[in-house]
Amino acid sequence: MFYHVKELQYNARVSKPDPRFARLLLEQFGGCNGELKAAMQYFVQAFGCKNPYPDKYDMLMDIATEEFSHLEIVGATIQMLLTGVNGELKLASETDELSTVLNGKTAKENYIHEAMINPHFFAVTGGGPAVTDSNGNPWMGSYVSAMGDLTVDLRANMADESKAKLVYENLMQFTDDPYVKDTLRFLMTREVAHFQMFEAALNTIKPNFPPGILQSDPKHSNTYYNLSKGDPHKGPWNEGESTQLGETWQYIEDPIKYVNETNGLVNSRAEGTDRTDESVAKHNDALAKERYEEISSATPPADIKWNTYDQKKTTKLKK
Amino acid sequence: MFYHVKELQYNARVSKPDPRFARLLLEQFGGCNGELKAAMQYFVQAFGCKNPYPDKYDMLMDIATEEFSHLEIVGATIQMLLTGVNGELKLASETDELSTVLNGKTAKENYIHEAMINPHFFAVTGGGPAVTDSNGNPWMGSYVSAMGDLTVDLRANMADESKAKLVYENLMQFTDDPYVKDTLRFLMTREVAHFQMFEAALNTIKPNFPPGILQSDPKHSNTYYNLSKGDPHKGPWNEGESTQLGETWQYIEDPIKYVNETNGLVNSRAEGTDRTDESVAKHNDALAKERYEEISSATPPADIKWNTYDQKKTTKLKK
Amino acid sequence: MFYHVKELQYNARVSKPDPRFARLLLEQFGGCNGELKAAMQYFVQAFGCKNPYPDKYDMLMDIATEEFSHLEIVGATIQMLLTGVNGELKLASETDELSTVLNGKTAKENYIHEAMINPHFFAVTGGGPAVTDSNGNPWMGSYVSAMGDLTVDLRANMADESKAKLVYENLMQFTDDPYVKDTLRFLMTREVAHFQMFEAALNTIKPNFPPGILQSDPKHSNTYYNLSKGDPHKGPWNEGESTQLGETWQYIEDPIKYVNETNGLVNSRAEGTDRTDESVAKHNDALAKERYEEISSATPPADIKWNTYDQKKTTKLKK
Amino acid sequence: MFYHVKELQYNARVSKPDPRFARLLLEQFGGCNGELKAAMQYFVQAFGCKNPYPDKYDMLMDIATEEFSHLEIVGATIQMLLTGVNGELKLASETDELSTVLNGKTAKENYIHEAMINPHFFAVTGGGPAVTDSNGNPWMGSYVSAMGDLTVDLRANMADESKAKLVYENLMQFTDDPYVKDTLRFLMTREVAHFQMFEAALNTIKPNFPPGILQSDPKHSNTYYNLSKGDPHKGPWNEGESTQLGETWQYIEDPIKYVNETNGLVNSRAEGTDRTDESVAKHNDALAKERYEEISSATPPADIKWNTYDQKKTTKLKK
Amino acid sequence: MFYHVKELQYNARVSKPDPRFARLLLEQFGGCNGELKAAMQYFVQAFGCKNPYPDKYDMLMDIATEEFSHLEIVGATIQMLLTGVNGELKLASETDELSTVLNGKTAKENYIHEAMINPHFFAVTGGGPAVTDSNGNPWMGSYVSAMGDLTVDLRANMADESKAKLVYENLMQFTDDPYVKDTLRFLMTREVAHFQMFEAALNTIKPNFPPGILQSDPKHSNTYYNLSKGDPHKGPWNEGESTQLGETWQYIEDPIKYVNETNGLVNSRAEGTDRTDESVAKHNDALAKERYEEISSATPPADIKWNTYDQKKTTKLKK
Amino acid sequence: MFYHVKELQYNARVSKPDPRFARLLLEQFGGCNGELKAAMQYFVQAFGCKNPYPDKYDMLMDIATEEFSHLEIVGATIQMLLTGVNGELKLASETDELSTVLNGKTAKENYIHEAMINPHFFAVTGGGPAVTDSNGNPWMGSYVSAMGDLTVDLRANMADESKAKLVYENLMQFTDDPYVKDTLRFLMTREVAHFQMFEAALNTIKPNFPPGILQSDPKHSNTYYNLSKGDPHKGPWNEGESTQLGETWQYIEDPIKYVNETNGLVNSRAEGTDRTDESVAKHNDALAKERYEEISSATPPADIKWNTYDQKKTTKLKK
């Protein structure tokens, strides 16, 4: 169950209205790397952890709840940046009310010009945030990645915190409002904090590479295909040892020849690795059994419930 | 700022896994009439009320927060209905682990068949909810309607609670699980409760029709165009008095003729109404002034803030 | 079968081209509250009424047809507002044709600037309307709500007419063209008229609350959860009687405590209401039977047809 | 202005309900090649023709109106194929009403199974058509192509009629209902008719190739790049004369070499063609002037109107 | 298998940065008529031709590969047009670094103004192309049409090349950069070339009309419904012979009357055509058999493979 | 420029048709974690690296090109899994052709049933792949993340390879075809290889944390908000040192109190860290300067070109 406290987590303020920055800031309200995406992603990931991984569940719900709180901060800031829009729209009568208000501030021509910034602010949302990105694209459920495997989900979260951090960094260049900059700096920094939380959580899972269960085929895990001609470059991604499996990169200089010679790779052989089909199968079996046990032992196959309620406890919420 | 309590608002349980109903129930998780839509709609509507209409803000945030809590109930139920899926996916190794588990339950053929119910449960979400509807369409920000005018937003909410109620009613026919039915009945009933809350709130706003400010043109507010030939029907929507403005319906029997004779309605005249251009203009002006005042007086034009923090108060959260 | 008459329902004109307002007006061509949405919504709702509710079918098809006619008015207005664009695009040859035309009107720089208003007008639609909203989002079938129950569909329509009315009201502030304002005022007013038609139709259905069949659970229909802390407000939505069922609102001051004490609401009891599980069940049964009969008696289970054709009648269409 | 006649253009009937075929048939209701797409495409294309090309406007509006009428036929057929669904959903009470009805027809298990065909028919649309394709994807405005140039738009229409024809042909294999097959055969045939109408209209425009104005660069209009290695094939698309410009195809055997040798084609020269930069420029200029004149002479630059109304004429619509 | 050569097919250059044209040019990167759409469409169409129509497969893969190469040209041009954006975003620190750079070029105000052109360039893509159109709509898989029948697919391709050609023609008006114009002229011309390739390929298929197999119903293939009243026009699309089947157009002056008299067209009769139900059935059968044979004989029903690898051959790729 | 070789990179085969697995496999053709997404993501990321980071450009283009080659493998496999569908669709004539073929294989009823697996295979794509995921959702450009900063992009790629790997792992459970399993194992393994390539590349960039330039605010980088009540858990994500910055986690036990006491965090102070505003500012400045230099020095501000062509070299492509 959620509840809500009227105070924002961060004391968001704006110096003066700024519809242009309101448009830009939509990116973090309803954009693909924004707060709603983050909140929903961790919230949805948490469901599968509820029973088997209660510590990760707690962390994911803590951070999801914080992201919903950040969504509120971003929305409140957009609303403040659009101060004035809603009131002026109420001056809809065709007498000179609007003109009077506008004259003291800006000409009608500018008013129309302003509407081009984001027509939805003026014609649809009445001066509030829209659940879209800065280009007006509606938020989509497909932004959310929750795959039922923490070795994948936590990595996705680290990447997504990185993206969100960069968007905030970019946005900070387009406002001079010190209040807004403060808020953005707070929000940006939280992505840095969350990144490290997810990384720490990933580190508690052993093994966590490759993500999932299957250990990968040693014939194909360390080959590099030189498929892009002109100025080929060497680097630790195609020579030396691979980062996680410690295998030796095999550089396929002429992929077309190699593919033909190996009957479409079917006849290729593992080189530069100690792993064998047998060692892989053994590893796969053991890990499959272990992870299956963790999960299936945590939930009964019937009469499944989510919570036990403590019918004697008393909760007090005071501010 | 949001807070989360690990107990669900309703004690959701399931008797046994049921991936088919899990698919159907997605409709209320990530569907166009579902809980995420409701939660986000009231949450976004609330921003604009924060200062000018604090009572409505409180109501909208209370209900939004409850809808997020319902979203959690629906998600938890889907997760429970998919019990078993995530564990089985971990048996990914190619030995006979999976076969053994499946043999005690269902054949491989059935397992594959089950994947057709919703491939995403098996290939993408690993046995958890997806942010989609029951047909797999991702949730979209365009589901949310928040227009900065309570006479519109509250009506939208009443309609949307009606839709959500009907979906729950429909869904109840497709499960025999008494636990799930209980949960659905609770959720369905809350839509009925919310409908009435929004209606009560709308009734406190005077006038609230027409929605917005402008009173409409008396030449066109009570005409009915008979544009659909064959078996014309009369009813209170095209004869007698109109419901809100109390004007007399004018039935345009032959619209093509009427449109031509009136120079494309430009020469048409108001009939069956006491309203005049003058009375309308006066009404428009007065209402515009009033609503503009309500809104613009509530927020300063500069150095705008959302909250004042009570730096001495202490909040204690105990369960 | 549809028919088309070349005269617009309203004599739409524009004083001079205005690509900016053309962009704004797209909102009502292909936007989520626009004319295509309205037309399609009533059209699709009508299918299910054809046999059991022929009077509602007639009304829905009349209004749907009018909305298609409004879509035409909006599209024609956009086309007129973009006068000049298509012709200039034909001056594509790289000689100085275009420059000559532009010099007499505006510099090349301005021409490029204009393209930023909505690139699709210049690069894709060639100066005509696009089936998008004012931000360029394509119209989507998910805008249409048609749920096979008039107690829901008519309420949806009332809400959607409210939204469309407000958009027109907002748009009117962004043009000074008296012709365009006239057209907008007509279109806006029709939403007011349609609202009342749908309301009148809803009033002919008894009972119509709650929407659908099921009467809701008396344990949960009148509780209000105080889930949003800080400055709680009381109003007719959480104290006194509920608007439709006339039950007494029960204000849950401390929802977390209440949920725990009632074992996740499972042990909660109905208060402030005369309705009981028995009275509800009886009501449900009676209404289910009645509505089922209305619908199933209207269509045969086999050899189903839509129309009977009058093979002797003669239709004459003259203008 | 549109109007509506209650008789369908084609006497659509169904022998008995068939939710599976209803799902398939959605493809032509709200799918990317369906009737709504066709109707909207021709309707939107027509706007730009209103003044400069009244004959094409008439044809486009005639066919658009027919496509709206086909949309109605498809929707009505889907509604008939879903006969029974809406009534059964009304049996929502939890007594044995539904069971009784279902027993006489099919078991509850089958009922649930049926819901998997398209959950939206049962949970959302209440047994009516949805504005989606057969996979549940909502119709999108981006399906519509209307580019303000008849040499492009008419070609698009020919292609789209081809696609729609093939979908109907495919669909016919999945029903045995002779009534439905008759309807599909009619609809399929109309696509064949419309194709030829658009082709005839295209043939009246001279020149119509290349589409648009610019005649293309003779250096690049007749080269064929052999970019796909293994079993190269020769055919009239890379040897002999090109179909429209009658130039001789130049086969670039080794594109990488050719691109390098020509400094990224900048130094390439026109071969196998009589066209020159000069002849092209001349042609471009002449055609630009001609088309610009056609369009700009048809609409005044100010005080633009769509229709003139004949205020004395009388229209009579009888059935 | 694909490979990549670092040289662009065309030597794309830009004179100086131009974010506005970069936005416009996105239309051909991720727009509905752009290069990604073309590349993916021909690529997907090719799969079905692999075995039965190897010559068409070769052509489709050659052109698909060229379109991927054009996508690269367009993306590279956008990147060059955005030169400077990425670097400036790195000056994210709050000292005066950015100001210094901007002063030498443009004021902060202009910098913010520039961000309104396309916020994604500045906040999301860091100065690179986005996979969207010029209005920011993400590219969609539904743009791709590949229907498994070359008589349809090739026609679709001819139409789509026409659209793409027109977009390039339009875009050329909005830049003065001679390098960019050169590139656009090359790309535009290639659409003209591809159109003719597809047309030539279509001409090798006999018969190719109607597309698909079924020959259409002679009762409905040559009727024209006069459904749009006011100024009816005659042309080769409703009088004389139809373009492909050579039937005589039947003009239905009063469709409502005709539909009623013919019992919803069920009793209508074929006129103006020599085709009969029998001749059609015969044609259908013969063509069905022929095309079925072509396809089914080309692929074994089991142990299906895509390629045979020449394990002795050696490929050498040198630049 | 791209090139295509007709041999697949991997010798993909299928034992027999299987439309159900074809549907599942669509997930990796046009799904959000599939091959098209990967190919396009690395391809788009590469543009910004072309000049400043040629080694990363080479790696990204090599892998992008391999992913296009994988897309081809997946598409070819789907096409083979649908063997028979296209041929049968050609038997569209209404004689008994289709029945004859089906009788030897399966009854008409089953044929219709099969169409429910994915109607698009039968009605739209004619037995080929669609550019959608396994639920029929069209691929979207918003799946692609390319943000112009390698410290973000490479992390995104590592996450996305993890997701794709898991999908392949999941899919392998739903087929028994040994050929298909081999292909999936190859593709799955390549994600493991690519993950390590991206990780190695990330490791060559120093510093790479936080992603982007700004070092984050020391007041907020190490706080953990306990926002989710009930069974709080401690772990390395909220106690001890943070993974990258090595700061000491500050656990905010009672966030509501803390937020109020700190005036909405404005008065909070950095604890558990050695970083100060000054050290951060210095770091920010230095890094900004360095990265700005890297990028801006690599591209001239005018007369920008992508390649230099070697007009004397000769390329020979032999198979």
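Per-chain residue numbering starts at 1, and chain names A, B, C, D, E and F are given in the order in which the chains are listed.
Criterion: a contact is a pair of C-beta atoms (placed from the backbone, for glycine too) under 8 Å apart; a residue touches a chain by one contact, two chains touch by 3 or more.
This structure is a prediction, so every number in the text was calculated from the model and none was measured.
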{"item": "Intersection of the contact lists for subunit B and subunit F", "value": "A, D"}
{"item": "Most distant chain from subunit E, judged by the mean position of its C-alpha atoms", "value": "B"}
{"item": "Pair with more cross-chain C-beta pairs in contact, given C-D and B-D", "value": "C-D"}
{"item": "Chain whose mean Cα position lies farthest from subunit F", "value": "C"}
{"item": "Equivalent interface positions on subunit A and subunit F, same or different at half", "value": "same"}
{"item": "Rounded Å distance between subunit A and subunit B, as computed from the means of their C-alpha atoms", "value": "25"}
{"item": "Distance between chain centroids, defined by C-alpha means - subunit A, subunit E (Å)", "value": "33"}
{"item": "Whole-Å gap separating subunit D and subunit E, where each centre is the average of the chain's CA atoms", "value": "14"}
{"item": "Contacts with 2+ other chains: residues of subunit A", "value": "1-9, 11-12, 32, 61-62, 64-65, 69, 88-89, 91-92, 94, 124, 126, 132, 135-138, 140, 142, 147, 149, 166, 169, 172, 212-214, 227-228, 231, 255-256, 259-260, 263-264, 307, 309-310, 313-317, 319"}
{"item": "Contact graph of the chains (line, ring, star, complete, other)", "value": "other"}
{"item": "Contact set on subunit C toward subunit B in their complex", "value": "5, 7-12, 32-33, 54-55, 58-59, 61-62, 64-66, 69, 137, 140, 142-143, 145, 147, 149, 151-152, 155-156, 158-160, 162-163, 165-166, 169, 172, 182, 185-186, 188-193, 195-201, 203-204, 209-214, 216-217, 219-228, 231-233, 235-238, 242-245, 255-256, 259-260, 263-266, 319"}
{"item": "Interface residues, subunit C side, partner subunit E - complex", "value": "1-7, 88-89, 91-92, 94, 98, 108, 111-113, 115-116, 118-120, 122-124, 126, 132, 135-138, 307, 309-311, 313-317, 319"}
{"item": "List of subunit E residues in touch with subunit F within their complex", "value": "1-9, 11-17, 30, 36, 40, 43-45, 47-48, 50, 61-62, 64-65, 68-69, 72, 75-76, 78-80, 83-84, 86-95, 97, 101, 124-132, 138-142, 144, 146-149, 212-214, 281, 284-285, 287-289, 291-292, 295-296, 299, 301-307, 309-310, 313-319"}
{"item": "Subunit A-facing residues of subunit C, complex", "value": "20-21, 23-24, 27, 31-33, 117, 133-137, 166-167, 169-176, 181, 227-231, 254-257, 259-264, 267"}
